[in-house]
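Pasting a structure here, questions to come.
The letters A, B and C name the chains in turn, as written, and every chain counts its residues from 1.
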Amino acid sequence: MHQLTIAEIIRGLRDKQFSSVEITRQLLDRIQQQDSNYNSFITVTAEQALQRAEAADRQLAAGDAPALCGVPIAHKDIFCTSGVRTSCGSKMLDNFVPPYDATVVENLQHAGAVSLGKTNMDEFAMGSSNETSYYGPVKNPWNTDRVSGGSSGGSAAAVAAQLVPGATATDTGGSIRQPAALTNTTGLKPTYGRVSRWGMVAFASSLDQAGPIARNAEDCAHLLSAMAGPDRRDSTNLQRDAEDFTADLNKSVQGLKIGVPKEYFGEGLNADTAARVQDALKEFEKLGAELVDISLPHTDLAVPAYYVIAPAEASANLSRFDGVRYGYRCENPADLRDLYMRSRGEGFGEEVKRRILVGTYALSAGYYDAYYNKAQQVRRLIKQDFVDAFGKVDVIMGPTAPSPAFEIGAKVADPVAMYLEDIYTIATNLAGLPGMSLPCGRVGNMPVGLQIIGNYLDEARMLNVAHQYQQATDWHRASALSLTEAAAAGGE
Amino acid sequence: MSVDAQTVEKLAELARIAISEETVEEVSSRLGDVLQLVDKLQAVHTEGVAPMAHPLDAVQVLRADEVTEPNRREEFLALAPQSEQGLYLVPKVID
Amino acid sequence: MEWEIVIGLEVHVQLSTQSKLFSGASTRFGAEPNTQACAVDLAMPGTLPVPNEAAFRYATLFGLAMNAGIGRRSVFERKNYFYPDLPKGYQTTQLAKPIVGAGEVEIHLEDGSSKKVRLHHAHLEEDAGKSLHEDFHGMSGIDLNRAGTPLIEIVSEPDMRSAAEAVAYLKKIHSIVTYLGISDGDMSQGSLRCDANVSVRLKGEEKLGTRTELKNINSFRFVEKAIKVEAERQIDILEDGGSILQETRLYDSDKNETRSMRSKEVANDYRYFPCPDLLPVELSEDYIDRLRGEMPELPDAKAARFREQYQLSAYDADQLTQERATADYFETLAEQCGEPKLAANWMTGELAALLNRQELTIGQSPVSAEHLAGLIARIKDGTISSKIAKQVFEAIASGEGDADTVIDKRGLKQVSDTGAIEKMVDEVIANSARQVENYRNADEDKRPKMMGYFVGQIMKASKGQANPQVINKILREKLDALL
C-alpha cells in the first residue's frame, strides 16, 4: 500500500479496498522500521494518527467524507500543531508544544487528512541541505550519503521513501522545489498569499509560502486544493476562495508557450542536469508546446538580493525567541542581558545566527540604504523581468537546482556555495510567483528536477502542464526503494 | 570584503546573540563572505526604482474592532520557562 | 543673560478601542495579569497581526481635529529592540508614512492670550506590556495585558516657550481626544503619557540648544514642574560654562529633580524597516469625508458658540469648554435654568471649588446639572437669596436632596412678606435711636451708605431670610419719613 499515490488512496478508501486505519498503521510501521535510515521525521504521532484514521473510517462509512478523508500525510515541523511539539528544527523550540494549529494544519484536518507526524527540516527553514537541523541531517533515499535538499528535506525524503504519500512544506527561496528535485518528488510553491501563513513559524514573511510535496502533480493538486484558501488571520493572504486544482489536469498543452530563459542555462549548471532538462523541454514540444527563448536579465542579482531581504526579515522575526515566554532558556542567567545573549546564543544554530547577524547588519544605521533598500529596489527589477516574460509566454521552464544531490557535509563549511543551490528558485520568491519542481530524469542514480514557473495565481495551469508531462513520462514513478532494495538484494 | 571583530561584537549585541571569543574570527570571515556575495547589488543602477517590500500590490484589509480572544493564560503560561502568580519571570529589569 | 526655553512634546494617547491594535484581545484596564494577552500579543511562533479598523478611524478623527493631513497610504514598520515587555522583540509602529501628517492647534494661556503650536506628525503604534518590580526572588514579573494596545504618538514641533505653554498644549490634546471620544485621557491610568524635549538658548539666538528628553511625565502638574526644574538645571550648567549632554532623563516627583537614565544610554540602533506581515493601509477619500462629517463640535468651536449663544466672556467660555463633560453639564444647566451667565458663574465658582476640594471630575459631581438648575431657579424667583443659595448648594452636595427639599427642610425660604418685614424694620428703628439720629443729621449723599447698618440688623433678625430688595424699599420709606 505504501506505493499508492494520494489519488489512488482516495479511490481505494472509497471503494473499500482498505481502510484508513489499515494504511495508516502500515505507514506508521514503515516509519518505525525505516526512518532511522533517512531521519525524515522529528516527531511521529502514531496514537493521534490512528484515532484520526478511525474517525475517518467512520466518516467514509457514513458516506459524508470530505475530499482527503483518511489520507495519511505529514506536516513539516514548521507548522504549529496543537498539542504536538513544533520544533522548527531548532533546539530553541525543542520543548515547544503550541496550543493552536496552523491554518494549513486546520484546513487539511477539515479535508479529512490524517497526519502521521512532523517532518525534519533545516533549522527555521534556513538551509538547502537539511544539515542545519538540530535533529541531524535528512538522508536522501536515493543515496543515504547524500543530502535530501532543504529546507523541506524531511517532507521530500519521507515522500521519496514512501513513508507517506504527501506532505506539507514551505518555500522561502526554493525549500519545496529544491528538495523535491533532489528526491524525485513533485513539489509546488504557490503564489505568495495563496496559502495562509498563520501558524507557520516565520522565516522571511514576504517570501515564505506553504505548498505540498507529493509523488506527482495530481497529488499536489489534491493537497493544494485543501491547503489554500482565504484566511483573515493572515494580512498578506490573498483571500481567494478555495479552488479545485484537479479540475484542469487533463487539458491539452497543445499550443502552450514555454519560455526558456537563457540565464538559467549558463555557468554553474551541471552539464548532465542541463541535458535532462533539455530532454524534458523536447518532450513538451512533442506534446504540442512551443519553446520560446526569453531573457530574465536580472537573474544573477536574485541571490544577492535574497540574502539581504530574507536575513533582514528573519533578524526581526526571530527576535521573539528570547527565553521569556516559551522555548529554550539558558541555565542560571546572571542578568537580563545574559538571559538574552545566552538563550539565543545557545538555542540557535550557526547558520541561523549567521543570518540574524547578516540581517542585523543590512538594517543597521548607515547600511540600510546600501543593503536593504537597494535589495528591495533590485527585487522590483527582478519582478519586472518576469512580468515582461509573461507578456510573451504562458509558463517558464528550466532547471530547479544546478546539480543533483551532493554529499552530506560537502558544503557545510562554505555558506556561499550552499546559497547558490537556490540560484534558480529564489527569484520566484522575490517576485511572489508560483514555482514547481517535477522529476525529469537522473544523473547517475540521482534525480534531476524540472522547474516550472507560472504567472501569478496560475497554479492550475502549472499542475495541468506537469500532469500532462507525467502522463507521457515515467520519471516520477521511479522509486528510490527499487535501488536500495536492489542494492540490498545484491548485497545478500 | 571583511567584517572586523568590533563590528561582529556590535551586531551580536544588537541581536542579543552571545558569540564566544574563540569563534569571533570565524564568524567575521563567514559574514565577510556573505557580504561579499550581496555586495554585487552595489553595482546595479536603481535610480528611480521604488523599493518593493511585498511581491504583490495588495492593500491591507482591516479587522472590525471586536474582542474575539478568550483568556487562555494558563495554557500559555505553561509554556514559560519561569512564571509565578500569572506573570512571566525574568531577571530583574532595571529602568 | 536672558534665557529662552524651547519645548517639544511627544504625547502618547491610548485609544479606547475594545480590542487591541493587531489582535482580538480585550484592552480593558485592570484585568488580572496576562489574562488579556492572546497568542498574537505574546508573539507566539507563527502568529500574525491584523490591524484594527477603529484605531485607524480614531487616528483619522484626531488628524482632522488637528487640521492635519491624513496619510492616504500609511505603512507599519518594525522598531527593533529587546525588552521583556516587548514580546516580539520589535514594536510595530509607523515612521516614514504615518497616518497623520503636519498640522497645528491653538492653545489658550491663563493670561487670555493664544498661540499656535505646530504638529510634526502623529502615528499609530502598539503599546508595550509592564514590568512589575516587586520582588519575585530577585526577579521581575512581566504582565503583557497592555501589550498591543493601540496608541497614537503625537509629536509637536519645538514651538512651546514655557512650562505653562507646554501644559496648555497638553490640556488641549487632552481636550481634543476626549471630545472625540477616542481616549479616556486618564493620565493616572497611563492613557495619556507625555515625554518632553527641553532645551534652552539665549533669547534672540536662532540655533536650538542641545535637548534632553524627559520621559513619562504622568500629570499636568508634573509636566509643568519637570520642565521648569530641567530648564533651570540646564541654565545653571550653561551659566557655569558647561555644556548639556543629549540624553534621556527621568523626572523624580518626590525630589522635584530630573536624573539621567543611564540604563537607556547604550546607543540604540532600532533598525526600522517596513513590517512584512502587514500591507500598506489605504484610506479612501470617501472614508475620510465620512469621518469629517461625523466630527463632533470641538473645544474652540464650542467656546466660540458659547460666547455667541450664551453671551459668556472669553474666559468663561474657555473654562467651560476645556472638557466635553463640563461643556455638556453647562449646556444642560443653562437650558434648564434659562440663566446662562448665572450658570457659568456657579460652575466656575462654587461647583469648580467643590470638585477641586473633593478631587472629583465633573462626571462624578455630587451636584447634578438638574439640581443646580433647580437651585438657580430659586434664586431667580426670589425664594432664596444668593447668600442662602450657597448654603443650599452645600446641602445638595452632601446629599440632602434637591434645592426645594433643602429649602423646605431647613426653612430657608426668603421672607418677602411686606408685613413681616415692616414689623422687623419698625423694631430695628425703634431700637436704634442713636443711628436714626445720625442718619437724619447726615448729608444726603452719605445716607445710602448709612443704611447698611439697618439692613444688617434686619437680616440678622430674619436669620438672613428676608428679601434684601424688600428690606431696602421699606427701610428707605420709613427712614425718609422720619426726616
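Simple rule for what comes next: a contact is a pair of C-beta atoms (placed from the backbone, for glycine too) under 8 Å apart; a residue touches a chain by one contact, two chains touch by 3 or more.
None of these values were measured; they are calculated from a predicted model.
Interface comparison, B-C versus A-B: the higher count of C-beta contacts falls to A-B. Compare each chain's C-alpha centroid with the centroid of every protein C-alpha atom shown, and the nearest one belongs to B. Between the Cα centres of chain A and chain C there is a gap of 59 Å. Averaged C-alpha coordinates put the centre of chain B at 41 Å from the centre of chain C.
Centroids built from CA atoms put chain B at 23 Å from chain A.
Residue positions of chain C touching 2 or more other chains, listed in rising order: 39, 42, 44, 50-51, 80, 82, 84, 142, 269, 271, 276, 278-279.
Shared interface positions of chain A, i.e. residues touching 2 or more other chains, are given as 96, 99, 206, 232, 235-236, 315, 319, 322, 324-326, 336, 340, 360, 364. Within chain B, the positions touching two or more other chains are listed as 14, 16, 53-54, 58, 60-61, 63, 72, 76, 82, 88, 90-94. Interface residues of chain A facing chain C in the complex, by the touch rule stated above, are 79-80, 86, 88, 93, 96, 98-100, 102, 197-202, 204-206, 232-236, 312-313, 315-316, 319-322, 324-326, 336, 340, 360, 363-365, 368, 372.
By the touch criterion stated above, chain B contacts chain C in their complex at residues 14, 16, 53-54, 58-69, 71-73, 76-77, 82, 84-95.
Those residues of chain C that touch chain A in the shared complex are 39, 42-51, 78, 80, 82, 84, 87-90, 142, 269, 271-273, 276-279.
Across the complex, chain A is touched by residues 3, 7-8, 11-12, 14-20, 27, 30-31, 33-42, 44, 46, 49-56, 58, 60-61, 63, 72, 75-76, 79-82, 88, 90-94 of chain B.
Partner chain B is touched in their complex by these residues of chain A: 96-97, 99, 192-193, 206-207, 232, 235-236, 238-239, 300-301, 303-305, 307-308, 315, 319, 322-329, 333-342, 344-346, 348, 353-354, 356-358, 360-362, 364, 370-371, 373-381, 383, 414-416, 419, 429-433, 456.
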